[in-house]
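Pasting a structure below so you can have a look.
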């Protein structure tokens, strides 16, 4: 059975034990009349990159805005560096947000927009900070054109530059890779990873599995306003014991191997497919230990052993179909 | 249609094209027309969209209800009821001055929604790629606005009329008494709805952004009368007379006076000694012109 | 206070887009045009009447409405307000900057129009009185209108329409009918200030003390209410 999230403790995702998490969401709910957008979600975040994954309408943006102090929780609390996020402008000294909505002041140039953000943040050297932010997001060429002339990807980068000028310790990004081409996306992913390595807490939302799989150290899966799972997605997969793992094995004698494996307690299905054996097992650990022994005893050489459904996609589809 | 080959398959899912009868252009126009009326009153769009139109309509009707209420109460006091009715400031001929502003606000509130929304969201190509022609689209919307305005414009008069018929000692004589007024106020309401609706449509069709459209519509309605009054008083009467027909507010004041044979609110109109039919003609020209220009706008709009 | 400069700058630049500036210039230029027309036609000039009916009752509230509702309203509408909110700035500063810009821009548009009209046409009474009276009145009255509309746009997305209804229905008709409510009208307070300087205002103007008090109260309440509302302003996500 999959363990339900314990109602009393806030399960930490990336926060180190005994350290106040940089960002803590404590039994937060948010409803609009009869519609519950966020339903009793709890988690804690520390340094590193966390992906907030969920289909459209799952409540990702609402959750991000709650964390950014732009919405009041209907129940529960959002704590950033130990203090309440709602109605506390001081929060923004160390928190940055890249909102999802496309619009930025289109009459400002990229550089002016970054500079505006720097001045409003009270940064000591606004021009320098703006220049650094523009360089970091690779927008130097277009920095002196009005944002109204930018493409969608350039606008995203301008927004990011605006959020970076004050070097926030916590950075929240709402669907940041929207409209970016692969090169820009790679660039931004590298940037976010390096920021996380400096000790910053980064949370980004997405409904695209590949992005989250590639970038995030850990994931938060939300579905219909509820937190479906939290943590490293491979660990989550391990916890899904009511769903068998599948392995693909290529060997010197597939039929012999399959017959031998069926005798082992950890295996409950084998299937011979042209070129390989597909094996279904309920117990990941027991099987991985048993396989080499069984193969050796049956005098079969293993060429390739690959878990077939150990992807974020299978985790996700399992979680949202429960 | 199922097809299969070595590389792939196409499966027959049972989709069928529609081969039945299709409602033609007329239905499309009728549908757009009724949708425009619904949009003007915010029907089908949630509570917030109804606040502006219904509040304005309610305020417009309020004095009439009050007048009828007072007359009904007074009628119990005796046969002098008719005298009280005539002495109240709320009469057929004075009602225009009371509610003109509200109809103008109704236009300013709803016309931008009606015309600007489709332009802002770029859905015009969806309309124009149907049986509906461009003039059909424009006319259906303009007529929708005008009919919505007419309902608000005529309602107070109807209430006054019905009230007076029933307050009279005998409904039959009351009816005979009041019936002559009906075509008069219907005509005035038609002119008000037509002229203000037509101009608001034209302005809204040219200004997709809601705030600018609203501001421009209101400016066009309320500023010219003030300017003309100033010109009449301080510059030259002739100049004022020449341009008074260009001010929709004054024109409707003039038509009201002409139809009811009463003294107009606007001092300029009263002084001007332009014959009543001049105002009626100006209103007609204004209606036709604004509708025509709106159609022209949609004939030429780029999509 | 150094955060006021960028706030004011970005608000001004946002307000003075091409279309809006043209519309405002046309409106503010109307009285001057009228003055020229009358002067040229050699009629019987009475700048007091123009300043009263055209400026104070019509053009000034309209200009204040357009500017006031756009100062923060347009940013809320198109989603760029968030960039001002997620900054470590006291909400009162944001409200103050918006109100200052709206009031200042309104004054910048209206005062020259007042001056030109009054100077072109002179006055039936005393030109100096007219100039000073209406300038001060429009300065404070226009600012009160602008501030009120800025705060109104923080509460509703249809602030323009509500403001119009207030100016046209309440100030135009109702408060005229109900004598006791005269003090609830920015228009009456503005005219009262002008009357305090000796301008001849038709009807029965509000007492000077009451007029000034009303305008100051409007400004103060607009600022306080605006700051209060900004502190609780919620921005929903797109999800």
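Chains: A, B and C, in written order; residue numbering restarts at 1 for each.
One rule holds in what follows: a contact is a pair of C-beta atoms (placed from the backbone, for glycine too) under 8 Å apart; a residue touches a chain by one contact, two chains touch by 3 or more.
Remember, predicted model here, so these are calculated numbers, not experimental data.
Novice: So, comparing C-alpha centroids, which chain is the farthest one from subunit A?
Specialist: B
Novice: Quick one: most central chain, C-alpha centroids?
Specialist: Going by the distance between chain centres and the overall C-alpha centre, it is C.
Novice: So what's the Cα centroid distance for subunit A and subunit C, whole Å?
Specialist: The answer is 49 Å.
Novice: Quick one: report the Å distance separating subunit B from subunit C, using the average Cα coordinate of each chain.
Specialist: 30
Novice: So what's the Cα centroid distance for subunit A and subunit B, whole Å?
Specialist: Here the centre of subunit B sits 55 Å away from the centre of subunit A.
Novice: Scan subunit A for residues touching two or more other chains and write them down.
Specialist: Residues: none.
Novice: Under the touch definition given earlier, write down the residues of subunit C that touch subunit A in their complex.
Specialist: 2-3, 5-7, 9-10, 13-14, 17, 78-80, 82-91, 231-232, 234-239
Novice: Which stretch or stretches of subunit A touch subunit C in the complex?
Specialist: Counting only subunit A, the residues touching subunit C are 37, 56-65, 68-72, 87, 89-93, 95-97, 99-105, 107-108, 116-117, 119-122, 162, 174.
Novice: Inside the complex, what are the residues of subunit B that reach subunit C?
Specialist: For this pair, the touching residues of subunit B are 52, 56, 59, 98, 101-102, 104-105, 108-109, 209, 211-212, 214-216, 218-219, 222-223, 226-227, 229-231, 233-236, 239.
Novice: Across the complex, what residues on subunit C touch subunit B?
Specialist: 19-20, 23, 27, 30, 34, 37-38, 41, 43-46, 49-50, 53-54, 57-59, 62, 65-66, 69-70, 73-74, 158, 160-161, 164-165, 168-169, 172-173
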